[in-house]
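Below are structures written as structure tokens.
Note that chain A is present in both complexes that follow, paired respectively with chain B and with chain C.
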Partner chain A sequence: MITIEWYKQFRRPLTYATLSIVAAFSVILTVALVATGSGQTEFVGDLPLLIVPRTSGFSVPIIALSSTMKFFLPLAVSLFAGQSVAGDAAWGSLRYAMARPMSRSRILWSKATVAAGLSLLAVAISVLAALVIGGLAFGWHPLSVIDGSTSTPGHPQVDVVRVGALLGHLGIAALYVGAGMASIFAVAFFLSTTTRRPLVAVAGGVAVTIVSRIFNADYLPGVQVMNRFMPNNDIDLWQHLLTRSASLSGIPHFLVLQAAYVVVFMGLAQLWFTRKDILD
Partner chain B sequence: MVGTPMEPDHANPLNEPNLPPAIRVEQLTKRLRNGIVAVDGLDLDVAQGQVVGLVGPNGSGKTITLRILLGLVRPTSGRVLLFGHEVRPGAEVLGRVGALVDGPGFVPHLSGRRNLDLSARQIRLSGGSVDLDVAVGMSGLGQAIDRAYSGYSHGMRYRLAMAQALLGSPDLLLLDEPTTGMDPSQAFDVHDAIAACSATGTTVVLSSHLMSEVQRICTHAAILRSGRLVATGSVTELVGTTPRLIMEVDNRDRAIAVLRGLPGVSRITATGLGSVAVEGGPLGPVQLLEALDRQGVRVSGFRTGNFEDSYLDLFAADPHQAPVSGSPEH
Partner chain C sequence: MIGIELVKQLRRNGYWAVLGSLAAIAAVVTVIIATTSAATPERLGNYGSVIPNSSGFTMAAIALNALLLFLIPLSVAIFAGESVAGEASWGSLRYILARPTSRNRVLASKVAVAGILSLAAVLIVSVAGLLFGVAAFGWHPLSVIDLQHASPFSSGVTTLSPFAALGRIVFATAIVAGVMVSTFSFAILCSVLTDRPFAAVAGGVLLTFVSRALDNVPGLHALGPWLPITDKGSGLWTEVLFQPTDLGGLPHLAIVQVVYAITFLGAAGLYFNRKDILS
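And then the complex of A and B:
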């Protein structure tokens, strides 16, 4: 059943387009960096951390992931999860699949597996394409990093991060961002079981991302309490890996929060899908 | 017979005692979430081998009944058995059913062949066997079978949907308005396919707006209105066993008065503004016409009745539940 679902979803213009745009982002980013001066520095996220992009191709995946994780990857994940069930319903092919002797749970989880696979593929492509293109442009060298928390004005403290460490950091970053998409995926996937209009479900996933951004205590200190339950706000914690005083204490909370969203919304999807009347 | 639901045994003249009915619907009710009762205490038996037409105006509960038969919609109360097994979502007995509900539904960016292949894979997953090449041949789509489905015409989509419905060599075929929007020659192809299936013993239930279609290809019919069964029986019974004449007249009331005075005329119905239907009696058409002529009623048109007229009669009896205006065929 997973194979069947894979055929339905993968050979699809929307899938190609989404994955291609994710990859194309790295190319655009690299071109932009080539156009800047050789000593140009870039901040990483909101941290007091600067990297010198042209010292190493590893700068491209770091900058790419930092930008795409906030909106672009959530959008891609919302697309894959949101159209998964609703898109099939809109084609009319879902009712024919469901009129066969096969449990609704099996159909649902086959769809979830394929949509999750495509979502992780988007994250992987975002990192790998950037790693390849960045490396081709600037070489796979150690990366120069300036840690603002230990530097004093006029005397920048330049660290050089080795290739092996960079690969490790990137691997962890990709896994972390992948895990951080789980909440958005679960919400969009649940909405997908409730409608035959895929865009409604996709918009739901995007809305979660936006609401999460709004209730962000980094920008709006008054919403400290809600910030703890917003699914996308701590997605940038992996950037601390590049600093000397890595503060990774928020990671367990973030992962538990993702798991909670998954349990609640995938549970709702299961409840709804196995009980609903298929009228479309 | 019209208007009186028949006893189950009588409704199933082909039923042999050891064969469970292909379909048994018992006291089926479906209340939708908006409060509308789409199916209201429906009882229906379909014996194996019958070709049954489900007829009724839009909103009479035909499509939702088919969806319940496929396990897509759960009944509010009552139950549905296929070949003696109760239907639930994903029930095993659905492996013996092929369906076309609410039009074709395929993945647009894949070819017709790939779409059929995906259905075939799913049938194999649940233990069925399929010959994909036979199905491809049956679709009659030729070279087009390898083109993307999104480029298919309306008729091609229905052909593919029929091929999909027949994929697993089903024992029961459920077809929801299988010839909607087709030209007559395409519709005849579908009728041929249904006849071929029926010849191999497949039970067929099809819903239709086209009474002539039901009369042409069905052995039995069930007439629904507002989710209730209005009449059921063989098509011959529903059309009427006695000769039935429909006459277009210039003065309907006078024509009815004249006909009432004739001996042996059993049933007179005003079927339209200027027409009247007469049933039964020993009098042949010529005598009826002469009688009307003598009383000064001019008859401008004259034909023998068909199933469509019986159907329209049923609805004419209730002014609040008029059927869809006429039939789309005319």
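And then the complex of A and C:
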């Protein structure tokens, strides 16, 4: 069942287009860095953390993940999750899928599994493509990181992170960002079971991302109380892995939050889909 | 013709949902700030800073500032992108063209209605922010700190009387609406090019992202003034709230927006007039 769904999704141009755009982003980023100033220092997210892209190819996946995790990756995830059930409904083929001798739950969960697999693939491609292209452009060298929080004027605190440690950090970062997409995935997937217009479900996932960005205390300090419960706000905590005084205390809370979103919205999807009058 | 279009669009639920969520987010932001951190300074644009509970006018500016990055461009792209492609996806575009009016007039009325709705989207943000803000923090003079010009010799604080603040918020809203013109025109062009409203809306949003991304590439600063949406252009409205007001960038911004509008809308008109409309 999962295999059938997997093949079906993989034959769609949308899947290829989305995954290629995610990969292409890394290429464009690398070209832009090479063309414009790979010798200049770049901040990592909002942290007082500086890297010089030219010194190591590992800077590219760090920059790529930092710039895609707040919009492009949520968009790709919303596309995969939002399309999965509503896409069939839009084609009018959902009722034929239901005619197969299988429970609705099983159909729903195989669709969810495939959409989740594609979403994780998007995150993995984002990191791997950047790692390969960045490495080709700048070499797989140890990365020098300037930690602004422990530096004093005239005495920058430069840490050199070894290749093995970098690979480990990137692996953890990819897993963390992948886990952080779960809330957006669950919302878009739930909406996908409620509508026959894939656009609505995809837009719902994107809307959750945008609302999360608006209620982000980094940009609007007054909404501090909401910040902890927004699905996409703490997605940047992995960047602390590169700092000397790694403050990773927010990570467990964020992962629990993701699990809560998944339980609520996947539960609603299950409830809705098993009771729905399917006409498309 | 414009009247028919407007009535037709206003009957659709999607439009009320978009306008309603803009007002709702302004309301939620106000409620949260009022109940939890009314005295925490909030940033406006690149250099402005206000303390929410000093005046209700702050909330209009904070709401504009918070929604300017994503939600207002998205709403504009939705209204503009839906206009022609929405009709095509319902399959009713060819019946509209069967009416004894020129294609130019059909397109012009669709653009006019999408324009009115987009303007309403920008307006509703500052109006909702103003109403909720005044309800929460009162009708007091507005004080804005200009962090760029604050120094040991000058506090950089501008204080405006309530009516002056109201006038300046209206002016600021108009500038924000003006910055949306390029996004709007590009989404209209996309809407004419495709039958799928989603693609047209995505096209409008994509323009803002590509433009902002190019704006932030360190080596491409020469390109900055000519891009449709930039950090500088989007932040220009905060100047209106400062004293002295430096609106030197406004004519250039207006010219750039008008040039994009003429290009994209002109291309949309040319294509729509020659298109083989099948849906």
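One rule holds in what follows: the second predicted complex is superposed on the first by the 276 of 280 C-alpha atoms of A that agree within 3 Å, B and C clash if a C-alpha of one lies under 4 Å from a C-alpha of the other, contacts with A are read in each partner's own complex, and residues count from 1 in each chain.
Note that a contact is a pair of C-beta atoms (placed from the backbone, for glycine too) under 8 Å apart; a residue touches a chain by one contact, two chains touch by 3 or more.
Bear in mind the structure is a predicted one, so any value in this text is a computation, not a measurement.
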item	value
Fit-or-clash call for chain B and chain C when the two complexes are aligned on chain A	fit
Touching partner for A:71 - first (chain B), second (chain C), both, neither	second
Inter-chain angle, chain B to chain C through the CA centre of chain A, in degrees rounded to a multiple of 10	80
Partner chain in contact with A:11 - chain B first, chain C second, else both or neither	first
First (chain B), second (chain C), both or neither touched by A:104	first
Touched partner set for A:214, first chain B, second chain C, both or neither	second
Which of chain B and chain C A:149 touches, first, second, both or neither	neither
Touching partner for A:20 - first (chain B), second (chain C), both, neither	neither
Superposed arrangement (fit on chain A Cα atoms) - minimum chain B/chain C Cα distance in Å	16
Shared chain A contacts, counted only where both chain B and chain C touch the same residue	none
Residue ranges of chain A touching chain C (in the complex, touch as defined)	32, 35-37, 40, 71, 198-199, 202, 207, 210-211, 213-215, 219-226
Complex interface listing, chain B residues touching chain A	32, 64, 67, 70-74, 89-95, 97, 99, 101-110, 114-115, 118-119, 121-123, 125-127, 164
For the chain A and chain B complex, residues of the former touching the latter	1, 3-4, 7-8, 11-13, 91-104, 274-275, 277-279
Residues on chain C engaged by chain A in the complex (per definition of touch)	21, 25, 28-29, 32-33, 36-38, 40-43, 52, 62, 66-67, 69-71, 74, 197-198, 209, 217-220
